[in-house]
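Naming follows writing order (A, B, C and D), and every chain is counted from residue 1.
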Amino acid sequence: MSHTTATAASGPNREHTLQFRVRYSETDQMGTIYNSRPLEWFEMGRSELLRSVGLPYTEIEARGVYLPLVEAHVDYDGRARYDDLLQMTSVATMVGRARLRCANRITHAATGLGVAHGYTVHAFTDTSGRAIRPPAWFLQLFR
Amino acid sequence: MSHTTATAASGPNREHTLQFRVRYSETDQMGTIYNSRPLEWFEMGRSELLRSVGLPYTEIEARGVYLPLVEAHVDYDGRARYDDLLQMTSVATMVGRARLRCANRITHAATGLGVAHGYTVHAFTDTSGRAIRPPAWFLQLFR
Amino acid sequence: MSHTTATAASGPNREHTLQFRVRYSETDQMGTIYNSRPLEWFEMGRSELLRSVGLPYTEIEARGVYLPLVEAHVDYDGRARYDDLLQMTSVATMVGRARLRCANRITHAATGLGVAHGYTVHAFTDTSGRAIRPPAWFLQLFR
Amino acid sequence: MSHTTATAASGPNREHTLQFRVRYSETDQMGTIYNSRPLEWFEMGRSELLRSVGLPYTEIEARGVYLPLVEAHVDYDGRARYDDLLQMTSVATMVGRARLRCANRITHAATGLGVAHGYTVHAFTDTSGRAIRPPAWFLQLFR
């Protein structure tokens, strides 16, 4: 049985949805998910979104491009607990000339009740951390 | 783009500064800190701030009060690596009637160069997760 | 040097296999998985194994029983990187009267090359942490 | 106020002791520390031990040498909770020709009651992951 995420990509709008279960390691003593987990899940969402459009992040880094965060935001909408099956939709958009913005919404898969939503904004850098312009092969994903 | 000004703080505040080193476990393959670490460090900052004003968070939970996050924001200002000595200043303020806001600024201890800044906004709940008014013994910290 | 044989397993066992991808958050600056990740994955393996035999861990905790670790061991067999698709087989066995032992083997799904193997040994406690005998409804899973 | 670890190194036996507090992010819904945390703390212990003998791990990596784990073991001795002040003693020894072994013992700083003990065994590799002999400048630490 697979524990990988069930996914469903939808073409040109650079949107992607996946499902995953909350791990025990992701809880804290409040009995719910620790507050930094949504950022880890947003990253998983970006990762699967990029794979779904044919440009896995491993390939991006292999071409010498990093996408470090310049900004992150999370709004917590409701409780999630160990073993809950969650659904996350991620949407990627270019913002201005040199920023990628990924918005994410996490809900309970069964009920649709909100868990968290938020976004990350990414710069484009070379492997030494210097800002670069987004490569043409990246930008064409958003045309 | 930044939400930093979205929830303007007001009223008297409490401030606390600490230093810590980046752990190896806090890095990722980009060679710098993983993007969710600032949220873990903000939590450490709140924890020490509350201890410094005489109300450790363990005591708050022992009295049946939780402070779950309703919002979190991080702006990434510069690179930080394994073993770097960082300094963080945390400032706590009551916002409106029932929200605690903690703003944090992380810099390199040696140079003052920025690493990240941001904030968390907290609700007050009982141990079952139901929203409550901030107790008087909590509010008096901010008078 | 290895403790792998220290706690010999005996009796009938339950086995379960799953697949998952390495998350970016699970890497460190060495470019491979951080060394504590196998313990988190072993926990995910136990979790899915227990679900597969009809006794989800949430149900075990709901009945007032915890399975805290008394021992853990990991042998690292090879490198694994971000986005690698891994396969893990977990085997659970009762050891002696009051210990559950879960052995796990993680390999690259595509090649079968080893990543890590190891085990965890668990006590049975009530929710206050006091040792208890394994409940009959738990033991019958291993008959 | 500093949140860095209070440390005390003692010369030729390659032993080092530090103190630290359990972070909220290090707990899980059982109300105690999550089971993989000792491995993260062992790493912090190695890190401070190497600094105390004048060879910070950053310097080791700067010289092109990695110390990946080949084995890790944890025995869990007692409960530890959020904000508990813990003490850890780490002892490093060369084992055979090409292995470094670090043993660690974690106790409650106030009472000496045990939390966890265990060890990690490390290989020496170059930055591409190929096994190498321990450099002379490393071995002389243990003469």
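Definition applied: contacts are C-beta pairs under 8 Å (C-beta built on N, C-alpha and C of every residue); 3 or more make two chains touch, one makes a residue touch a chain.
None of these values were measured; they are calculated from a predicted model.
Undergrad: Counting C-beta pairs in contact, does B-C beat A-B or the other way around?
TA: A-B
Undergrad: Of the other chains, whose C-alpha centre is the longest way from the centre of subunit A?
TA: Relative to subunit A, the chain with the farthest C-alpha centre is D.
Undergrad: Averaging over Cα atoms per chain, report the distance between subunit A and subunit C in Å.
TA: Taking the mean C-alpha position of each chain, the two centres sit 27 Å apart.
Undergrad: Can you give the whole-Å distance between the Cα centres of subunit A and subunit B?
TA: About 23 Å, centre to centre.
Undergrad: Centroid of subunit B to centroid of subunit C, CA atoms only: how many Å?
TA: Computed from C-alpha means, the inter-chain centre distance equals 34 Å.
Undergrad: Among all residues of subunit D, which ones touch two or more of the remaining chains?
TA: If we look for residues of subunit D contacting two or more partner chains, we find 24-25, 30, 32, 36, 40, 43, 82.
Undergrad: Across the complex, what residues on subunit C touch subunit B?
TA: So the residues of subunit C touching subunit B come out as 24-25, 27-32, 34, 36, 81-82.
Undergrad: Residue numbers of subunit D touching subunit C in their complex, please.
TA: On the subunit D side, the touching residues are 30, 32, 35-37, 39-40, 43, 66, 68-76, 79, 95, 118, 120-121, 129.
Undergrad: Quick one: in the complex, what on subunit D touches subunit B?
TA: 1-4, 21, 23-25, 40, 43-44, 47, 56-58, 82-83
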